[in-house]
Amino acid sequence: AGPATSSVQLYGRLDASINSVRFSGVGATPSSQRSFLSSDTSRWGVRGTEDLGGGLQAFFKLESGFNVDTGMPSNAAQYFNRETLVGLRHKDYGSLTLGSQFTPNIAMSLRIDPFQRSGMGAMLTLFQRGGAAGILGYAPMHNNAVMYVSPSLNGFVGKAMYAMGEGAAVGHAGSYALEYSRDRLFLGMVHDRLRSTGAAAGQPALASVNNRVTSLGASYDFRAFKLYGYWVKADVDGSFGMRGGFVGVKVPAGRGEVNAVYQVRNVDDPANSDARLFAVQYMHPLSKRTSLYTSVGHQSNKGNAAFGLWPSRTEANGNPARGADVRGFQVGMRHVF
Amino acid sequence: AGPATSSVQLYGRLDASINSVRFSGVGATPSSQRSFLSSDTSRWGVRGTEDLGGGLQAFFKLESGFNVDTGMPSNAAQYFNRETLVGLRHKDYGSLTLGSQFTPNIAMSLRIDPFQRSGMGAMLTLFQRGGAAGILGYAPMHNNAVMYVSPSLNGFVGKAMYAMGEGAAVGHAGSYALEYSRDRLFLGMVHDRLRSTGAAAGQPALASVNNRVTSLGASYDFRAFKLYGYWVKADVDGSFGMRGGFVGVKVPAGRGEVNAVYQVRNVDDPANSDARLFAVQYMHPLSKRTSLYTSVGHQSNKGNAAFGLWPSRTEANGNPARGADVRGFQVGMRHVF
Amino acid sequence: AGPATSSVQLYGRLDASINSVRFSGVGATPSSQRSFLSSDTSRWGVRGTEDLGGGLQAFFKLESGFNVDTGMPSNAAQYFNRETLVGLRHKDYGSLTLGSQFTPNIAMSLRIDPFQRSGMGAMLTLFQRGGAAGILGYAPMHNNAVMYVSPSLNGFVGKAMYAMGEGAAVGHAGSYALEYSRDRLFLGMVHDRLRSTGAAAGQPALASVNNRVTSLGASYDFRAFKLYGYWVKADVDGSFGMRGGFVGVKVPAGRGEVNAVYQVRNVDDPANSDARLFAVQYMHPLSKRTSLYTSVGHQSNKGNAAFGLWPSRTEANGNPARGADVRGFQVGMRHVF
């Protein structure tokens, strides 16, 4: 075994933008215009690795989301809300981690979302469990979780996560993924199973229900541009479900790049609460770590859908009335350290 | 362009003192003596800069206040309560920052307060919005703020800050400053405009009022001593206002220095709630980063004024009854890292 | 004086384990089996020292406990809940610290607990104030505390801590210790005095009572194994008290070590709420900083005692019914950075 090496790193990201948003009028609610300084998945953390010899490493991560605009934690109760984990990985046998962990959906989304989970076109709003999406979306994270990630075998990587219920009536969950990478192609599939209450997301109030979400994602780099696709279905026992997806593209433009996405989310509830999102962004790098960007987005809501535009939808007055549309313009700055 | 350089720094300050405080009797309330271990604007943070070439830099700051005596955050909801910001600065064009930011009052106070915003003579108690000063004081900080700071032009620096209301009924605010520095002279002026509710500070309950605060500050270094002066007026539409100020001095004494201040705060309310503070401190450096200090202070309160002595006034039993005076003795330690 | 040197360090520990626990049936409550992913005294912190010359140093510590399994702080209100202190130490005169500090019980326990305050055999559960032990245990920490630690004189070290009441009806506390170290022997004694309410721990509701706790600890390294012993008595004025202690052993085993402990806690309340704990652990180091471990434990509860097994007893469903026993199996990983 070679000499043991190790590192501990303090790291993070600050992303702040000015968002000018127009909510259309619906019923008795008149149209309105609002402006926000918003934070977009800003975070700080500590991570480290220790080389144990023979191809084995120990590693850990503590990461906390915060809002640049207010100094508030993204989640005050769960301060390290963006993974708190410790584990071992071996070059031949894969990795095993314990903690509060992102599901395999997050790793896949970073391969197939042209907006990389940030900005007006981020896939967070329409497809991620929580917020206005309620329980009809992929699960981003589980506490009390054990995860195994296989090594790459001919381009294939398998992942299995199990989150313990710990004696609670509603609780245990699983998330399983298969990914394939080769040259310019990426393909991924994630399947989530979890028990939850059906009270959220305009669902009828169900005591404890089985929730199943299956996602497929792909990207292919044609050099002149990169193409992205996503398809998802979410079902709740004894209630209605969701089908959705998007197509996206990334095009180099001078020093920067243009990203665009068109997203569709259909819910088979009586109100037919469908949503569509179209967003275009120009991202201009000042360095590898610092970028300026500008975006426009159009969110259309039907029935009871009330999706706002990311990231201003996380603000106190950032969401439209049910069935109202949202148009937005954004200019922002991102810095990674 | 030269080679890009960057730095990320973990930094902070711990300041703890033993405070022995005597509250005078007033009406039916007898006099009392209390002792506190108190923390004084202790904080930790992460800050960094990245050189982008051509005189342009990106920079950020995350800073959290905490209490050394209890381990509690100064502000649990707003964990990074001492600025959370990201921005760009150019040597010829000035800086633009986005985030939760100190108003220009804070930068000016560090130039004109002989106690440097700490210790029994700190200008925080009588003149800063919040605490017993209520809305009759300068605003220390705004969330959702954009700030521009000009480069220095013949010694003049201009600052303009705007904080968005984000759709809230009470909200948007502005703070504007002009500073002049030349050799041993500093002059500054800050003007705050903000909308707020008049419910705080013994004000009559007003739904939403315009609040205007204008401050002037100055310092001059006579070598044998340094002289400081401050004047402030705060007005609330449809209610009463405040006029105040201080004179202070810093005198080198052996390896250390002696600081003294006399502060006046007059409120034109029916009860005539005026306050006076006199404080003297000896600060003894053990190194550039570590100091020991001792202070005495006398706070006089009239009418409904109930100001305690900084920093023990932030404690659970740290404030006097209305109209009672406070005498205090302090010995403490400060360490910067 | 030599050149001044200083250091600031970001450090921490993550300890996560899978705990399978069986609660015995008692009365109408049937037996049950639960599994937990649990965090064991995980923490992160910042600490530093500054050499001031002439044998004098300034130092500080900020340390926050968190749960690896959920990302939540161990104590959300008191974020830096594992000491927040600043002080001076001199090689000839000892150290003086101000802040939120561990009592001398903690330093002693790290010398006499074979489980080093972690794992199923940790002395935290039965003997430390708080949790199911209520007020009948040693005090782990005081806020608003001043502590003096003497230098070592012929192997003897004295410690005195005083925590201010700060005007609260229930508050001030003291903790005093004497330790002796020589070659392979350690002896220690700690005496705590504090005022508290008797409402906790199944005590009758007393307004404000004197609480006295005396602890003795010892360890001796016989080379082939290391032997540990502890004895404690806790008394509350006008109510019942506790007597307890343990014997423990550490035995080298290959690259690792085996730890075992047998603990006794007797309470002289009418229900005779006694408890016994037996635990064995095998600790296997992968490096100086990373270890894997496995344990079994058996907690017996009589009367109103309802102690769970550490660390799963800190979880939502981690404690047994009153008088029920607990058997547990644990496998975990610890990483220090």
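Things to note:
Think of it as A, B and C in the order they're written, each chain with its own count starting at 1.
One rule holds for everything that comes next: contacts are C-beta pairs under 8 Å (C-beta built on N, C-alpha and C of every residue); 3 or more make two chains touch, one makes a residue touch a chain.
Keep in mind that what you see is a predicted model, and the values were worked out from it rather than measured.
Per the C-alpha superposition, chain B sits rotated 120 degrees relative to chain C, a value rounded to a multiple of 5. Residue numbering shows that chain A and chain C use the same positions for less than half of their mutual interface. Chain A and chain C have Cα centroids separated by 40 Å. Within chain A, contacts with two or more other chains are made by residues 10, 76, 79.
Across the complex, chain B is touched by residues 10, 12, 14-18, 32, 34-37, 44, 66-73, 76, 79, 286-287, 289-290, 315-317, 333, 335, 337 of chain A.
Residue ranges of chain C in contact with chain B, taken from their complex: 4, 6, 8, 10, 46, 48, 50, 52, 56, 58, 60, 62, 76-88, 98-100, 143-146, 164, 166-168.
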